[in-house]
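Following are the structures in question.
Both complexes shown next keep chain A, but they swap its partner, so chain B is in the first and chain C is in the second.
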Partner chain A sequence: MPKNQQFKEFQEHSVAEFFKKNRQMLGYSGKIKSLTTVVHEYVTNMIDAVEEEEDNLPEAFVKIEEMGPEHYKVIVEDNGPGIPENYIGKAFGQMLAGTKFHRFMQQRGQQGIGAAGAVMFGQVTTGKPTKIITGQGDGKILECELSIDVKKNRASINNKKTYSGEMKGTRIETELKNVLYQKGRYGIDEYLRRTVLANPHLKLTYVDPEGKTIIYDRAVEDIPPKPKEAKPHPRGVTVDDLLGYALRSNSHKIKSFLRNDFTRISGKKVKEIQKKISFDLNKMPKDLKWDEAEELVQTFKETDFMRPPTDVLVPIGKKRLEKAVEEQLEPEFKQVVERKPKVYRGGVPFIVETALAYGGKAGNNNGDNEIEIMRFSNRVPLLFNKGTCAITKAVKSVDWDRYGIKDNTPVTILVNFTSIHVPYIGAGKKSIAEEEEILNEIRLSLMKTGRKLGKYLKGKRRQRKRLQKKKTFEIYIPEISKSLSEITGKKEEEIKKHLQSIVKQRFSDIKEDE
Partner chain B sequence: MVEKAQEKALKELDEFGNQLLEKLNKKEAPSFQIPSRTRSNVEFDEEKEIIDITGKKSTRSFINASHVRKFMQTLLVARAAEEYIKNNRTVSKRELYYNLKHKLPGTNKNTWDDDNESSAVIDDLEATLGIVRQQMNVSAKSRGSIYGDITLKQAGDEFSCKKLGKGGWAIPGNVEDVEIVDYDAELILFIETEAMHSRLVEEGSYDDLDALLVTGQGMAPRGVKRFLKRLQDETDLPVVAFTDGDPYGFYIYSVLKHGSMQLAHVNDYYAVPNSKFVGMTMDDIDKYDLHNVTENLDEQARKKIEHNLNYEWFKYHPEWIKEMKKMRKKGVRIEQQALANKSLDFVAKTYLPEKIENEEFLP
Partner chain C sequence: MPKNQQFKEFQEHSVAEFFKKNRQMLGYSGKIKSLTTVVHEYVTNMIDAVEEEEDNLPEAFVKIEEMGPEHYKVIVEDNGPGIPENYIGKAFGQMLAGTKFHRFMQQRGQQGIGAAGAVMFGQVTTGKPTKIITGQGDGKILECELSIDVKKNRASINNKKTYSGEMKGTRIETELKNVLYQKGRYGIDEYLRRTVLANPHLKLTYVDPEGKTIIYDRAVEDIPPKPKEAKPHPRGVTVDDLLGYALRSNSHKIKSFLRNDFTRISGKKVKEIQKKISFDLNKMPKDLKWDEAEELVQTFKETDFMRPPTDVLVPIGKKRLEKAVEEQLEPEFKQVVERKPKVYRGGVPFIVETALAYGGKAGNNNGDNEIEIMRFSNRVPLLFNKGTCAITKAVKSVDWDRYGIKDNTPVTILVNFTSIHVPYIGAGKKSIAEEEEILNEIRLSLMKTGRKLGKYLKGKRRQRKRLQKKKTFEIYIPEISKSLSEITGKKEEEIKKHLQSIVKQRFSDIKEDE
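Right, the complex of A and B next:
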């Protein structure tokens, strides 16, 4: 694929105005949350962009500078492909104009509001544009300032400078006001820590407002396989989706649109569907009306289709996740469970991965006396709206007590939900909707991790008891040896050695180093 | 100098230690057998006519978590006993407790925390080795005395128990080293109370009855019991008991004759099965018209009668059962000293001579 192919897929949507009025919905509410959201948008975009390239391991630099009270500058730099000059505006300046929105493929960002929203937020709070420096590794560096013309939903690029120099990647600098840097569960530090956990192939350097540098090294050196693009499954679409697809379809008849743009709809199926519905499928897709689309979606639900292919999903992977957990949490015990792909709503494939870590740095839940839950969707940490999320609900629904796990047990649970279409609640993409199949999958995998930890803890408790029991023998050995030696005249040391070896033999199941 | 009784103890201790060592050499966890001393393991041996422990034994092993502490304590006492015997030192139970109490090396745990622990271990060791603690130079409480025409020797001193003043010779807790040199008597009279013992000494009953007068001041302590046993063994004189006419007095007699449950593992050393009982009996009340000096049985005494009625060694003697039932029916008790109601010397001049002469005994 030519390098710039992805940028040709941009499609314009005029929603900048909408964003401005609804910024809470997109995560720009609250001073701490807003700052984290900006970092989140840039970092997510950045990793996705780097992964578009073959053979490139992502390396990121994140820096937060304090400019004044509630005034910060966010700098994010990547080693990605860089952005050609004429795509900069579309990449950062237009809402819903990203490459992602209309592609049916597993990606971190989903709706394409992200980076533009962050640019917009900076602009609204400071009046200043966002600075972009980008290079494609061809000896030229482009530097410019980008702002958004809200009325026209268009980027305006100013102070463009081109100079020569070696750079491959993109650096974004956005100033923000009315935001606040804080450590803790909603802060950037935690967001980045979790990002690294779910992206073990990422190298991240982070400089916090106090100037402290944290370097997260890669836990794995291999590039994860690229997700495949897939056509939507009829069971996975909503009326709105269907109308959207129909509008952009190149087919001349709905019949062929259904066959071409969906998976698992054969000619035979189209005939079956035609029999069930009241209008003619020979009409143009763009003439599809809302109530007709509704009828179609309803018919999809009543028709049997083959399940969608699930090989389009790429989870973190058991071994990678294990390494990440090992590297970042240094736990005493860990258990990673990767379940087979499943389908929700009859048409959307998804994979649930869970990791449970015990001891070490696990269970550091910012002072809360409960199990630490790290939620991810397509490897993106979900920090907010914990309560409504299917992951949280699944965790709470498990009877951890049964596995000997109490509220104060140092446990971290990590759940990564992988899907092409994540059923988020709201446009803020902060929590996953409570679909029955999803909840069930998470629950099952959590129960497995719980069972494994329970078994480990039981063994540990038993070991501790055994050790205590061993001690009860050992403390009496010197006194017994002395007495028996005096009674019999046998050397005390020899008796001692005999007794010790009897105890050792009896407790041969206990590891020596404990 | 090590006495004969102590020699046996040394031998037993040595065997005990070597037996443990043998197991150790075979790379086995050392353990020893210990006759069970629980109440359920106590029974009346009709052939020997003593309360004995059955053959049931339990094992105390070094490698058993609930045994190891006691295992250590048992060895500690065994080791100390050997030392006491060799150094010719006798210690009290309390002394032994303090003497051997110390922190276990490298811990903050004591060898024992109270003297219940040390006492139990001493009893265990007695049962295991088949010797009494006096033989290990751990003395019992000394209480009680003997008065009469008998010459004894202890610690190199020879003395007549008739020439030590009105109190006679105080019987020590450890009588293993007492030697009987000479005696002139026809019977050994065991008297429950010290007051009655004094009365009989004052009235000259040792002469009138040709008796060695022994008192244990209530329930006879180990020293007195052991001394009586040795006296009986070595002189073959009959032992006659004279106690209060109540369930407690009769129980004291039963212990003298058949031994106690607590010392079931060593009753061989203490019990005198051919003892006889002279009084006080319920029939005495009628025969000597003592109705006006009886006392009513209280609730506790009545309970004690019921207990007595249930012991195998009481059931072994129909006469004892009869006596207990009579007591229960009359609802009264009669003390030895109630005989003073007749006259102070009535017991010495009339009651005892008459009953002993006519052998009016209970078995």
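Right, the complex of A and C next:
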């Protein structure tokens, strides 16, 4: 090759081209997984959309139609606010565009990739655009066909028509080929079942490819509070983030920038910080140098701050989760733990919730002799890539044996990770990265549930032992009664009754039906 | 929130912003992993660069300097062609730009993200740019400091200077904070050791943070052939790909397009295809419709084609791999299998190589009682995310027990996956997606190595049993000799010698030293 030849081949390519070529990074590898991923992206988007409106209980419709061998149509409809005409392209036909990426707010989606990825997957497997029908409840309905101009990463919209009619919400229809519908732990049925488990306020109607309709009614009727947009917490913010915030700040002094743009930094705290650092906080935020920012971050680490406010995070909630676990798993024993909010890298607040269910329908029914783990992030079920997920790692790091929990103990563990920003390992949002603080919190909550179940199991074992003892005594009563009767001359029946009453008294804690 | 409020927040963001916020997707999570990832990106880039030139044996220098607590400098230097001034920005400071993405050619890098990601990680943890020194062997040396304008995804280059001097190659220096150097299976030492194992033609000098210099000399002196740029193979091409190729084709008819732009489609094959399909292949490629392309793809599937040519793929090679395994693991038994090339999705050719080593230094020394698996893709070691990798899945799917291989058998399995395009699960290129064809090939090659080792172990067990038998005989020889001597009157010593010679003869296959 002549000198510098290869540099002449330099090209730029769009993010859509990148993900088209590497669609497996978005979860499009494997026929079953690909179909579930499309449903996952649309359902996630949908619930987020509905929850943008206050006082709107989400109602969703999901239908999978079989069109031919390995050929399906996915239809998802919601009762959300609908999409204005001029935003449809950005919402569904352009990657890295959206409302969610720059927000510091708990949402299911966060990248502005997912829905466009599903549209693109439909397009590259069938050559067909995605149909979108949307209404904002103002008597007008908009219908169009949308595809992605992959080279430009821009939507191309065709056959647009507006007509009169009553509709509030959005309906998406995408055809897919080279995918497969199957029941089982990686299929849509399981995905939706878990979605309902973590979103008990959702009403979901699901029509499967055989035409069977399953209606999941709401387990609770109250709308969960809408998460507030958050400010970063000083503990754990990085130098680079701090400089980025400073650059975007409207404040004229670093002092006011710290007070306004962070949570939990009061005027008093600013004074405390000023005392510890070497430069004047009266300078302009944009004049903050790297070394100074580094000093500030170090000082943050050595300063006590209140925990981040809880209203920016909306976990499922202890009662709701208990109710959902009760209804879905009917366990013999359950334990739900909700930890206090913590922060990880960049001052990002998060909350870990853990539920442990024992007996009933709990436990892994797949015959692989492992504890069943249900993973969720911001209430979204994570079915794939369990091997690399912080939740799985945390579960495996706990010494369950210590609590009397073995591989074949019928246990289901549910972990919901709630955060402003979930550090997903891949753009496909299938598993959570092992940030130390996250791993630690999950571990602690698991150990707490483990201890509780351990106590319960110990009690159960003790009971079982005492029951055996009781039974042993009971077996020997006739023989002993007989010989005592012979020795003492008393009536055998009388002695028997007496002995039985002694046994009954001493083992009064044992239930008869066990 | 007022109606349509959230849509006013719509924003677009650059791919660099995306990966800055989601740096864990590029492998930047965890202190040890982050440091190894930077080295991985630079070393991968470096060997690719050197191999762009024919007849250039790669020589690399890697140095890790400890600058403070969790603060290091990574220096990587190669003897490649150097980088022209006007391409430095695109090569190191812009994501999704490069020579590799659009090529249909086997390379280590393929995304145009990795090196820029490493530069960005240095920049966001230290605030400092990456220093680049490069020369093309023409008496001029160029030095500059490079950082990324994240919002624009463009390089910003400062302090550029050109001076005289002899240099051919490129040197990169990046400072990093919040990272940690550690030995062990996820550290740089192990990464480089495996790099050398899969690239026995590389000379590598490595200076670790303690200042210790390790020189890996070449195990082989011959330069591996440079992989040729490939054309797609018709078997397995998707409809969308076919239409994409057709659109970019210079041919005036589909007939010539098929012959020119694909491998293994001869004029004869075109005729065969024309007979099977419903439309005329004399039309222009750009006029190809989706349905027609679909028909063509279906016809490709039903037509026999020769396997893809092998010269587009350059695996490590059986002899080289045997030599490398021999030198690094000194095993008692080894078996290397190289499969024939196959294709997966999109007509992408690939080759699987597997080495199995038993005894010596082979086996997992980490005490977790698992078979050691060394994963490689295009000769690049994969240290992380093993749980989601097709290679791990394939290894776990094999019934090793059948071959007498248990968890504690000292076995190391090495798999190198060679392809034009590796379907990585994430942008961090840590693991290979489970494409069916890939999984299958790896499985088949593993089963072959397993059978061979099984035979060897069976032989060994038989030998051990016969050795025991022999020893048993030998123990009784004195006693028997004595009693025979008493009965027959013959000399005891004579009988003993006779019996010993019988035993020796009958167990002539048993080595004395065992």
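Just so it is clear, the second predicted complex is superposed on the first by the 362 of 514 C-alpha atoms of A that agree within 3 Å, B and C clash if a C-alpha of one lies under 4 Å from a C-alpha of the other, contacts with A are read in each partner's own complex, and residues count from 1 in each chain.
Just so it is clear, contacts are C-beta pairs under 8 Å (C-beta built on N, C-alpha and C of every residue); 3 or more make two chains touch, one makes a residue touch a chain.
Predicted, not measured: the structure shown is a model, and the values here were computed from it.
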item: First, second, both or neither for A:S29, with chain B first and chain C second; value: second
item: If touched residues of chain A are counted for chain B and for chain C, the larger one; value: C
item: Partner chain in contact with A:L499 - chain B first, chain C second, else both or neither; value: first
item: Partner chain(s) touched by A:I475 [first = chain B, second = chain C, both, neither]; value: first
item: Which superposed partner A:L484 touches (first chain B, second chain C, both, neither); value: first
item: Touching partner for A:K318 - first (chain B), second (chain C), both, neither; value: neither
item: Touched partner set for A:H252, first chain B, second chain C, both or neither; value: neither
item: Touching partner for A:G426 - first (chain B), second (chain C), both, neither; value: second
item: Touching both chain B and chain C, residues of chain A; value: none
item: Partner chain A, residues of chain C touching it in the complex; value: 1, 3-4, 6-7, 9-15, 17-18, 21-22, 24-25, 29-30, 52-54, 81, 83-84, 87, 90, 94, 96-99, 101-103, 111-112, 123-128, 136, 178, 238-240, 243, 290, 293-294, 385-388, 392, 421, 423-428, 431, 433-436
item: Complex contacts: residues of chain A adjacent to chain B; value: 469, 472-473, 475-476, 478-480, 482-484, 486-488, 490, 495, 498-499, 501-503, 506
item: Contact set on chain B toward chain A in their complex; value: 13-14, 16-18, 20-21, 24-25, 27-30, 62-63, 65, 68-69, 71-72, 75-76, 78-79, 82-83, 104-107, 109, 111
